[in-house]
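Below, each structure is written out as structure tokens.
Look at the two complexes coming up: chain A is in both, with chain B in one and chain C in the other.
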Partner chain A sequence: MKFHTVIIGGGLAGLVSGISLQKAGKSTAIISNGQNALHFFSGSFETLEEVPQRMVDLLEEAGIRTHYQPGVRLMPLGTFRPAALSLEDISLFPTPRFGKKVLIVTFRGYHDFFSSFLAEGLEKQGMTCRIHPLDLPQLEWLEQSPSEMRSVQIARTMDRIWEVVVQEVRILLKDEDTVVLPQVFGLQDTSVPGRIRQGIPAQVVFAGTLPPSVPGIRTQMLLKRRYELLGGTYLMGDEATTAHVHDGVVHSIVTKNLDSHFLEADHFILASGGFFSKGLKSNPFRIHEPVFGLDVEQAPDRNDWYHPEFMSDQPYLSYGVKTDAGLHPLQAGAPMKNLYAVGSILGGTRPEMGSAAGLAIRSALTAVDQILNQPNA
Partner chain B sequence: MNHNEFDVIIIGGGITGAGTQRDCAMRGLRTLLIERSDIATGATGRNHGLLHSGARYAVNDPESAEECIKENMILRRIASHCVEETDGLFITLPEDDLGYQQTFVEACRKAGIRAEIIDPDLARRLEPSVNPDLIGAVRVPDGSVDPFRLCAANMLDAKLHGGQVRLHTEVTGFIREGDTIRGVHTRNRTTGEEADYYAPVTVNACGIWGQHIAELAGVRIGMYPAKGALLVFAHRVNNRVINRCRKPSNADILVPGDTVCIIGTTSTRIPFEECDHVAVTPDEVTLLITEGAKMAPALSSTRILRAYAGVRPLVSADNDPTGRNISRGIVCLDHEIRDGLKGFVTITGGKLMTYRLMAEIATDTVCRKLQVNKTCQTADTPLPGSEERSYEAVAQKIWETPSMAQKAAAARLGTRASSIQTHDRLDEALICECEEVSVGEVNAAIERLDASTLTDLRRRTRIGMGTCQGEFCACRAAGLLAKAHGCVEKERDDLANFLQERWKGNFPIGWGDTLREAEYTQWVYKHVLGL
Partner chain C sequence: MKLQEYTESKHNFEECMKCTVCTAYCPVLQVNPRYPGPKQAGPDGERLRLKDPFFFHYALKYCMNCKRCEVACPSDVKVADLIQAARIKYDRSKPKLRDRILASTDFMGSLARPFAPVVNGVTGLGVTKTLLDATLKIDRNRTFPKYSGRSFERWLSRREKEQAAFPEQVSYFHGCYVNYNFPQLGKDLVKVLNALGVGVRLLDKEKCCGIAMITNGMTEQATRHAQHNVAVIGKAVAEGRKVVTTSSSCTLTIREEYPNLLGVDNAAVRDSLMIATRFVFEKLERGATLRFRPDFHKKVAYHTPCHMEKLGWGVFSEKILRMIPGVEFTLLDSNCCGIAGTYGFKKENYAASQAIGAPLFDQIRTINPDVVACDCETCKWQIEMSTGYAVANPISILAEALE
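Showing the complex of A and B:
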């Protein structure tokens, strides 16, 4: 099977690369081994001040509407972080005091939404809060099994019964000016968060839950749909194992499922993620990149990989594959000519790239530009 | 009677203190237990959780071996919900001397330990994880014991007999009149509140920290801190305890416990100042994996969950300043006889296995001093939860057709499982999916077992001890704690402390899936949840 470009990794970086190349009329394939970082996405893409318009447009074309205004956003444990380019259902406020009286609505028996943490955080800002757990007969089927009351399962039901929630909230609402709801709306139907906002006569704020992230899964589905509509080949549940490389040029990729049918291409993009996504692997002696055996930045002594304080900047999180200025990864010190590394596999040492999602999109766009600008492209 | 007055004050919330409090309370004494941190935070919770048959000590320390096998049989009766009767093997590998086996078996028999030489082939069938190259095997009545559960059960029974417990409370000094200890000054480490308590006898049951407490009282005990490092594996690789049949050495015991197994240990003398901050070194990790894989080869490819270390309270035989004459045996010091200090008793040395006997000896001393003539009943009276021997029978009695989660709860709590609220099915929702711990069980631990932090909950319910090491259950449980205590601010710090505690056990083994999990956890808590 021969493509113009083969992309390893089906997360944000891989999908942005694939969509951009398909739009330029190039044939691509994405090898995805399943879950990716979008499944625990906060809903905010870019923490840098300057947001490239291309990023916004690309998301918009996939049906992902974003917005940005300076200020803050509310985090699930009741804290605040600086505002960022975010999905439309993530509220951004000029100041942390975004209301006076707040009604926080949750579901009976739901432990993955932190209503009391939120209330405490908002009260610290001078707001008064009332928490109300809704008791919906439509969720009783989830209570039957003790491990089912989780965000995605609730979201599946909410796609059908969100109007019931609107009605219940309207009845509950006394003199509150703001309603906080868990982010369990609009898994399939992207219009739902907006319609809930229209239906409730108060400011509606959606606050995050424990993963999996419903807005994240929705984002992943929309990007994948866009990619496939543009004619891309998304190989779900497959995994790149090795590559055929001669003189620093990649010829084809071997995958678990395709066996002897190698994936050939002129260009290759490595968007296989960090440690969690297995783009980087580690053993007691070293950190390595499993498909190409690329050079990985790291301290030689394992003791130096960690900081004893968990929440500090952990050195290992900054490790990634070494590249030249054109994102060509190095193998034994020499750049691979037709391979580009994008997204989290680059490691976290590039503050100019912004947050993880920002890094994913920016580096993907850079790699695509280089591929398309080549004389023989 | 002043509410600050007791018959006996016990300092130390490890297994020795808890056991002593139970024994004293069962003999009718008004007891108070003071612990500066939480239950089982010292050596009690930092060992293999091995229910020794005594075989390990048979050759070199027959006295300890005899104590072990007697207590082993007692614990099977009185603490059945804390004990798993796994059985154990002492294996000889090609590099070991098979001649030692005979010496070993004879010593076991002399100490009263059933030790049966079996064919290596039978050993391979009984325990498929064992190194197939073994050349000899002996079967002994080893088992495993959950020290947290055992400690909590002893303390609970003391409370049921009128005892009082102050956790997170530190003894800052003694109330002394002439040559007599009358009581203690304390400070609550959470609230800062100070209080004095009075009793005619105070028992020092602080393990390695007993040296410091003795100094506060004005007497000296020579203790020798010996660090032991251990690794927890994410799977229960073996179903029977595996030991090496040779002179006791490093990393030669592999104990299955609940869903995991534990390899250990090492033995390193450390300076006294390090006791509060013991850390596992990379060299110790390497040694434990290499030696462990010799006993069960699967260990070399099994994920490690956590590394931890404890400090053994070794005591020099009395007044031997050189420390040459160190015993692992039980040491009970009546400081009136030893130092002329009245009203003060130290119980130390010994091991998890002999805690009940230590408690009996300490309580006998206390009773003698108080001129109370009551006999010890702890060898015959089951702990709360152990009234029934089979957890399956317990589960069936309570739920008729118990779910997996309910069976897990019955295995953890024994007959006490019936006290978990289950009238509402919301109480059955799972907080921890790895270990199947329900909302009801967490709430019961908060209400009845004095759990005030997430780490406390971990010790009482196994929350966060499973494969994910508390990835999400910590957050869910934090919600329940915040509700119970009505304090969110504190709970956010608690969550951060819990993650820090977890990291302490993780980074010494930070590669492979552990590093993946760590990356994920930091991402989720920092960037998604906003901690």
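Showing the complex of A and C:
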């Protein structure tokens, strides 16, 4: 099967590349080896200091509403982190002290939302907090299987019964100026977070839960739907195993499901992610890139890959494939001519700083521009 | 570096990093709280079962084996295989009479076929449905697939000479549905392949692929069928023929379930077996041409069956449909229709089955197509019964569009 561009990786970087190319009238395929890091998405694209307007447009056209307001956002454990471009349901504040009195609402039997850590964090900022677990009969059926009372399961119910939550919160509210709710709203019906804000007579802040991330899955679904609507071919659950390369030019990709049926293209984008997504793999001797065997930045001695103190900076987290200035990855020191590396596989990011989404978008747009600006594009 | 090979766990369960992504895509978990979910039933439960079979739980029967957990897994854990393998290994309950009847598709087909008009009349009656519901717990709301008076095998064997005259030959694993219920799909395939200069042959007496036996606890019978089918497919392959199929579930069973669940080695035939739309696509890619009717016009919505999604071959059916002049194509969101073979026929699963399919049915009604295309016969029954829209295999739509 022949395409203009074949993209390896179906997460944020792969989808942004695919949508941009389809919009430019180019045929593309995305090979996605299982679901991706969007399922752990905070909802903020932190590193974007200035927002490229076309990125906002691309998201908007997919039905993803964002807002841009440099400041801080609330983290799931009650700390704060700088943020700028974010999904509409993520609140951004000029300073961490966003209210005086806060009502934190959770659900009975729900263990994936850390209300007491949140309260502790907010109290450090000088806010007073009250926690209230709601006891909703509509969620009782989920409690039959306690291990499955997760964000996505609750969110499916909430798409239908969010108005009940609004009513309950209105009854609970005393003199609080702010309500904090878990991010379990708007999985399918994207208007729900906005309507909850309208219905509650206080500032409403949605705080992160344990994965899967509801805003993240919503973002993934909307981007994939947009990509397929533009005619893109999304190969879900398939894995790029090897590539046919001659003189630094990639001709085709072999996948696990299509075996002898190769995916040919003029251009290739490698958006296969970091260690979690198996874009990078390691063994006791080296860190390697499995599809093309690209050069990977790394300390030669394995003992230098990591720091014995778990919470300190871990060097391996910043490792990635080496590229030239045009994002062409290097193989045995020479740049690949029609291959571009984008997203987390580039390394240099700090996942603990949440900079991966920004890198994914920036690098994807850079690669797409180079592909489209070529004379034979 | 082969380190990983020495540490690989059965069905890759050690690779599970507990990310919970599979739980977000399990259709059963969304509607049935009695089901512990793919992570708990699969890799988490496996750890316990290895310690003591006591931890095997009957609730694993609620798994539909749709494989959506495996498609979603970023770590390549064979979640559904783990669950089905646990049922095969630990479930000591004997399959009920109903489950045996539902699972024995070829045996029932050969019994019913000679009396097709009578059988079709009787199974369509309200009183029969009420009776089956009360006695066997087959849900009364289900519509039974009709039986055909003449089998596909008989139809094709009468055309043996004519088919042998084509310059190229393939063998066709038609499956029970085409043989006993809907020979027209097989005839459509013959029309399409003949138009490409390819003659169609039967295998040397295929048996049911056994998918329903696997999910209904009839492992021994399924294994015997698997051994037989691998042998007869192997014979065709040894004679230099590809083997084409029109059912995504039969295909997945022969390619994946035989080695992974039944321990039947299919290495000699695995790569020669393919769904017909892939075969046709590859023919056209290598320069073959088809002549289409100039007046053909249809609004087609393609539903990717779960097992087609797992095979990763939906793209071939999609590309074939998009290429037909006069087809207005929509790709439906990839959602389970809820039937999962015999699963939705069982009274205890009927409500869950319909709830799982609801988003798909809603999307079909919104799009309002002339026909829904899909490569699975049980999806066809489910979508036709639940929406009233006609469902056809992509091969049948292609055949209709040909001159």
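Convention: the second predicted complex is superposed on the first by the 370 of 377 C-alpha atoms of A that agree within 3 Å, B and C clash if a C-alpha of one lies under 4 Å from a C-alpha of the other, contacts with A are read in each partner's own complex, and residues count from 1 in each chain.
Operating definition for what follows: a residue touches a chain if its C-beta (ideal position, glycine included) is under 8 Å from a C-beta of that chain, and two chains touch if they have at least 3 such contacts.
The model shown is predicted, which means the values in this text are computed figures rather than measured ones.
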Which superposed partner A:Pro284 touches (first chain B, second chain C, both, neither): both
Partner chain(s) touched by A:Ser42 [first = chain B, second = chain C, both, neither]: first
Touched partner set for A:Pro212, first chain B, second chain C, both or neither: second
Chain B versus chain C as contact partner of A:Asp259, first or second or both or neither: second
Touched partner set for A:Ser147, first chain B, second chain C, both or neither: both
Contacts of A:Met1 with chain B and chain C, given as first, second, both or neither: second
Which of chain B and chain C A:Phe93 touches, first, second, both or neither: neither
Chain B versus chain C as contact partner of A:Tyr68, first or second or both or neither: neither
On chain A, positions contacted by chain B and by chain C: 40, 144, 147, 211, 276, 278, 283-284
Chain B residues touching chain A - in the complex, by the definition given at the top: 282, 285-286, 403, 405, 425-426, 428-431, 433, 438-439, 472, 475-476, 479-480, 482-483, 488-489, 491-492, 495-496, 499-500, 502-504, 507, 510-512, 515-520, 522-531
Complex contacts: residues of chain C adjacent to chain A: 1, 3-4, 17, 19-21, 23-25, 29-30, 33-37, 40, 70-76, 271, 278, 281-282, 285, 309-313, 315, 318-319, 331, 333-334
Contact footprint of chain B on chain A as seen in their complex: 37, 40-42, 75-81, 108-109, 111-112, 114, 116-117, 119-121, 143-144, 146-147, 149, 208, 210-211, 213, 274-276, 278, 281-284, 302-303, 305-306, 308-311, 314, 316-317, 355-356
In the complex with chain C, residue positions of chain A that touch it: 1, 29, 33-36, 39-40, 141-142, 144-145, 147-148, 150, 152-153, 156, 211-212, 217, 225, 228, 233, 235-239, 255-261, 276-278, 283-285
